[in-house]
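Per-chain numbering from 1; labels A, B and C assigned in written order.
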Amino acid sequence: MALPKGMRKPPRKGKIGKKVAYFKGCALEGPARDYDASARLVAKALGLELDQLEDFNCCGSLHVKNLSFKASLLLGARNFSVARAQGHGALVAPCNGCSFALKRAERLLSDEGKLSELNRLLEEAGERPVDELPQAHHLLEWLYNEAGPEEVKKNAVRPLKGLKVACYYGCLYGMPRVFSGAYPHASKEEELAVPYGRETADDDEHPYYMDALLEAAGAETVELGPYATSCCGSYFSLVEPELARSMALKVLKEAHARGARLLAVACPACKLSLETALARHEDLKLSVVYFTQLLALAFGHPPGSLGLTEEAWAG
Amino acid sequence: MRLWGLAEEDRIVEGKEGALILPKTSCDCKTELFDEITALPLAGEALSCDGCGVCTASCPVAEIITGFNPRSFIKTLEAGALDEVQKTAELLWRCVSCQACTHRCPRGVFVEDFLKAAVKVLRRKGLMEKSPAELFDELFTAEVLEYGKVEPVELIFSWLELQGYRVVRDPLLRKPLPFAGEIPPEIKKLVLKPLKGLRLSFVALNAVRLLVHPRSRNWGRVKHVLRKALGEV
Amino acid sequence: MKKVLVVGGGPAGLSAAEALAGLGFEVYLVEKEDKLGGLPVKESRYKLFPYEKSPEELLNPLAERVKEKVRVFTGAEVEAVLTDRPPFDVRLTNGETLRVDALVLATGVKSFDPTRKGELGFKLVNGVVTNAQLEAMLARNELKEPGSVAFVFCVGSRDLQLGPSYAHCCSYGCAHAGMLALELKRRFPSARVYCFYTDVRTCSTLERRYYLLPQREGVRYVRGRVARIYEQNGKPVLKFEDTLLGRPSELAVDLAVLVLGLEPSEGTKKLARLLSLKQDESGFIAEEREGVFVAGSCKGLLTLQEALTDGKATALRAALYLKGEKT
């Protein structure tokens, strides 16, 4: 469930920066083009800047690390190198898999001696070593902190009145906290003791950034309870489709039972998994959309231009 | 050197001749298997596990697959009870890497990393068959190694082909043709979705991508170093 | 006559002060709160184990005896220690400055803030309360007969997810929960009462009264730590693994009671800083130095009984030091 309004923390402006390196990831270059387009529109409308990395490599997702720890860190280090070369101290990724992999790499590279070890590999590969580790964030964390509900409200020329949306965050958005830095309730003193505490991280157990933004855009959010962060099974969409489907179905059923029409997500892999399950369960009258599509819609962009099909939008 | 448990020479074994002999003791302070797993990166934190069950209670797979139980996997492997380990091997790979276990473990165990490390060691020791998950990891990693980037649609079709689906590829570039062949209906539906929404520009852009696989800069040299890293842990 | 300042008027501080005064020293005691008695009195408890008396019954007589023989400042704190070595010039927040030959620190502990463990639903899920809240309900006779109650052990104890300083055990929680669970079972015989534990640490003689007896009288102990509490149909649902069965499970109850851990109080951390005393990984005071003695829970968690005894023992150490110096 999303943290109730009275317990939420206001955005921490300036902690990440208005201009950041945009780590698009493989999916947004390809099938999740609509996510990319809407993310850009939203950032622009909110006076923020996504500076796309001119060159990047796959984050390694959850797969490369299973074969080799070192290789997974090398992929991360090269991405950080590219971001630094473009002069950035912060990277923003729109996908849970990417943000997980980048945060993980950031955290593990900050261990004693790790960065110099990986820098040697980068040099061997003819790449620029990383002078300073940039911080990795999820797109949603960035939008909430650098713009926040206030700005969204100001820009919502066509509020999403009467739209019932369930916000689905997925597992890797905030988990595990050792990588996401989500220690939202630690005191200042304790934050120091928790070495990777990140002020801009969402709540560790009851994330609310997406709810807050969509509420500000005029939508009515629907509570998903524990399913807001339970895994959609996308890791196994292909490998163990039955398992993945039963996991996705739990989320879909809950959203449906709570009366949602739309399920907003912040990750292309979640969308794929949820839609694959939906394709077999058309009785669940739900459409899965990116939260940025809904924001862009509220900002006045026509649904067609956002890649929102008629069935997703009307009905 | 571990100080608890019982060494093999201290074990009590009972049973009639010719019958299945199970040791009466389930723990062993010669823990080569566990030592080998916990020597892998991040997996070592499992030495701190107190068996509280928070990981299992947080695990979405445990809810669905009876017997999938991260806590018991850790403890079984720690005890080194080989008969139990064998049962574990059939289930272990079904972890979906959601990190809920690692997120909540009160002892700071990287549970998910431990499970993946365990798979690695069990495979190395021939105690486990190659799982579909490992096959997919390899497919994914091979594509990263080759290009630096992954093309999701191509990845999907390569996987389907590996699973025995008849994927039709164009004769020239050997690229999959999403609209031909026999693929699972829900996947076909997803691929066709943009067409239904008449987002032709979208379809066209994706088609181009399928033809020309995206590639990271300077990848030739990076590939070389990455391949070496892949050979290490 | 040698002078001693006792900082903190909880069980340990009170018993140290009483003993030192009895040994003939001039004793001052400074207590931050308006009332003496420490955590038990502040949290308005119902009953204290192993005495099974109310905090007032147990600690008021001690406080009264101390007030007779000791100069007590309530509602005041130590503001600064102006000298590095004995005799110490200590300035209090009420403007008083005292010169003393020794200090006894007994600044104790505070309860863990359960909103930090969001997964356990405190303030989010209807029917989730703390053990102190349950005690208050029992004390005021406000508790209506519940169908079922679950005690959730180790909330804010033994939990590295809260940070590296949370590895310690609270040392009172298991016995305390056992006592309350038994009480509930006796008051409401048809209620189902559960205790969710990782280990039950009812050491020494506490085992019989606060583990064995509750079990015998129908409290169900489940070996598994609660991972999550969420709301379903207006009730808390606990998610846990019954580790003895190896089965992930869910349980809906009327009342979920969080057994809160303890951590060093602000005063403990502040005095460690003022006197530059080493703290351990959890922030407890880990050393003494010339003229500075540490009593009770501020050096590591003790039960009330142990805190009372430790207060006396520390007083004796201080007395030997003070005598050895001059006489």
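The rule we apply is simple: a residue touches a chain if its C-beta (ideal position, glycine included) is under 8 Å from a C-beta of that chain, and two chains touch if they have at least 3 such contacts.
Small disclaimer: the values here were computed from a predicted structure and weren't measured.
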Target chain B, source chain A, minimum contact steps: 1
Maximum centroid distance from chain B, chain identifier (CA atoms): C
Centrality ranking, top chain (CA atoms only): A
Computed distance of Cα centres, chain B from chain A, in Å: 23
Distance between the centres, which are taken as Cα means, of chain C and chain B, whole angstrom: 45
Distance between the centres, which are taken as Cα means, of chain C and chain A, whole angstrom: 42
Residue list for chain C, restricted to those that touch at least two other chains: 119, 161, 228, 239
Shared interface positions of chain B, touching two or more other chains: 103, 108
Where chain A touches two or more other chains, by residue: 177, 204
Complex interface listing, chain A residues touching chain C: 1, 3-4, 7, 177, 183-186, 190, 193-194, 203-206, 225-226
List of chain B residues in touch with chain A within their complex: 40-42, 60-61, 64-65, 94, 96-100, 102-103, 108, 110, 112, 116, 119-120, 132-138, 140-141, 144, 148-153, 156, 159-160, 184-187, 189-190, 193-194, 196-197, 199, 202, 205-206, 209, 214, 216-219, 221-222, 224-226, 229-233
Complex contacts: residues of chain C adjacent to chain A: 113, 115-116, 118-119, 123-124, 161-165, 228, 230-232, 239
In the complex, chain C residues that touch chain B: 119, 154, 158-161, 198-199, 223-228, 239-243, 246, 248-249
Chain B residues touching chain C - in the complex, by the definition given at the top: 50-54, 56-59, 62-63, 69, 71-72, 103-108
